[in-house]
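The chains carry the letters A, B and C, assigned in the order they are written, with residues numbered from 1 in each.
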């Protein structure tokens, strides 16, 4: 296959825009800078993996390290499975535990593991742009995949969401109506989804949530924005629900879980406003009874577990693209 | 080999008795529902592994996840070694740490990892029957092995104990006299041992401990029960010592470690009451000086380290049986 | 290759000197007892690995366990990568977390994992000599590598330091002038370096640090000792900087980080006192701005990341030597 990453270094414009772009680098830092063609190449390869294709020697002997400065067992596990299926050696480094690095800078931690001969890094960090900043220290032949940075991007989640949409609705997104619901302001998932939906030509993107949880920085340009969930659901082909972090209450951005559920919880009754074949998505882990009811989460329109399955397929496609022979 | 699990779904009768039994499911939830023939098939295969048989490709490409809602490094390590020797990919998910699942239900955690394509689950949970409850969500082709649930069962420990007995005393248990000593009330090990000893036709099963640590719910039906340790040891072929959890003192069930040791600690002197070739067993980790002395633990009659070795062999047999080609 | 360990059991003389030496044992407990020839054999093999040699089946099917009673993610990761590249199965056991062993003795933990069939142990312990004490319980065919014990030895760090020196300065150390700087008193790295530098015939070994951080027990026999860092740097071919543990301030052994940096921090200006081609080393993790400045750490004379790379090569050589077919 033709690699979708030749010459691509996607740098968040909000930081580090002075990073040199090197044609030999292959990283996946975000979906913002990916071209539509590159997205299609990745999604087609992911679809092949989802359909059962294997490539057990693609990364034979290659060491891949999950380097998480913010803990996430689910995402780590998904990348780990993807890497194992491509024949890679997988190492886990949980840099979020204090003893791991003894006051060392994150950059020194990255450089140190790189010096050990690790060729692939799957990095999560709570600070926006931190993954790109580390990537600036990557040597030729070393690839970095962003597994979530701050509120900026979570590109493999965006890709798996697109794969899920595509499986349900076909490759042509031009007539699709999609609504993203909830705490978009703090969500890297939503930002990656927005970049991808735009690049794939989604017909209408609606964003719905309380004003306190919606960004006011241009993130939603071109979207239909509303705080009326019932209206936002009208006729949509897909509802992408976001997780409500409980700290939003501590911060005073949400009154209570009950209020949130009343206004923005997806119930079976509400879902009837959507198109008959509409699908429901959620990046997990779910707060059942808050942003989504059991009936919807476990119902026939839910694609939530399929998203998880697609996550492994997408990560196989990404790791193969950035680390495989090009 | 003929799989011992075709059509078997062992459900704890205390819960979830409405689980559907599906002939395509192969799980090991407990020893209670296993037939004597099935036990013998498993034990013979485990013995072959213990004697050096290998099967390095039995689970090639199969992903096995240790999913522990209660921490246990030893048991996890043993399963991990067993899975690796069968060629499986092994993943570890410590769901006992709070950040792992962010308030997600245990069932969602299980379903999520299953959706990633994991085919084998080794599950430990502190709640009785929780492993069986999760198993109800297993898809066709997915196998669950109970690595300990509450006080109910720890079937692979029961199997390794039987393998150890069999290696020392032969396949015919009909003339064996075995004593189980200690905190039977809170012990899933003891319950699995009791099920297996009965199924294998053990001649006499004695149970010994302070009344506060013995169950009064029918668990000991058919056993000779006593609080007199000296009497209980008389002429036995095997003494199966249980670990005394320190929380039993906090709960007021045991006066002190000293008192417990005086009444129920196995010393070399006491061991002389047993049959001359009697063996001593302990599931570990040991409280040396409490339920067992150094002299006995490290003495010629101890089979404690052999139990550990047998643990890997038994887990290879179980994983092969539930996950291998049938 | 000829194994450098046939018949070698390096026992710290400070403890357990009554351990039997068995010709079938192959362990690496320290550099103190290694012969010069053995060091050269190991270093040459490590150099081959550093230069790209592979041996992907050397330890095929062999289980290697990192057994850390004191946490260290970096060293664990380095051994893990080394073991994987030799085809071993790698298991990690973090015995520093309390739940791991439930009050079991360290010796029982070691024996238990050994009974599971693990053949290689990489052990770290905070107590001097503890690794050697555990090694006394190793069965024939089982090998132990000390990954750091107390203040005694960290032999693979010593070896990787020697490999780094050798790459920069050649095999003949007889005209080399080396300075070790900092908290030598509490440093197992420094002790292993000292043993190796002597065995390899280093021309002059200088040791520099505040009196409160220098040992007075004979460790420095034959070294030029001073508390004047400027003088100590004069004309050296290599400066081996040590990490300053922050607890030294709590203990009152160091006034402040600022004072320490003023007196013993390696700056670019100070480094000019060394020989023009002098190299700078540090075992990591670094306290930038304390024992070393950014300019030096990231400068052209720094070999700090090369040390990390060499660590994997050295550990491959060691694991192959103690566990491979002899």
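As a working rule, contacts are C-beta pairs under 8 Å (C-beta built on N, C-alpha and C of every residue); 3 or more make two chains touch, one makes a residue touch a chain.
Since the model is a prediction, treat every value here as computed from it, not as a measurement.
Peer 1: Quick one: how far do you have to rotate subunit A to sit on subunit C, C-alpha fit, nearest 5 degrees?
Peer 2: 120
Peer 1: Is it true that over half of the residue numbers where subunit A touches subunit B are used by both copies, so same, or is it different?
Peer 2: Subunit A vs subunit B: different; shared/all numbers falls short of half.
Peer 1: Just how far, in Å, is the C-alpha centre of subunit B from the one of subunit A?
Peer 2: Chain centres of subunit A and subunit B, defined by C-alpha means, are spaced 41 Å apart.
Peer 1: Which positions in subunit A are in touch with at least two other chains?
Peer 2: Subunit A, residues with two or more chain partners: not present.
Peer 1: Subunit B touches which residues of subunit A in the complex?
Peer 2: 56, 71, 73-74, 77-78, 80-81, 84-85, 246, 284-288, 305-306, 308-309, 311-312
Peer 1: What does subunit C use to touch subunit B in their complex?
Peer 2: For this pair, the touching residues of subunit C are 61, 63, 65, 89, 91, 93-94, 99-105, 108-109, 111-113, 115-118.
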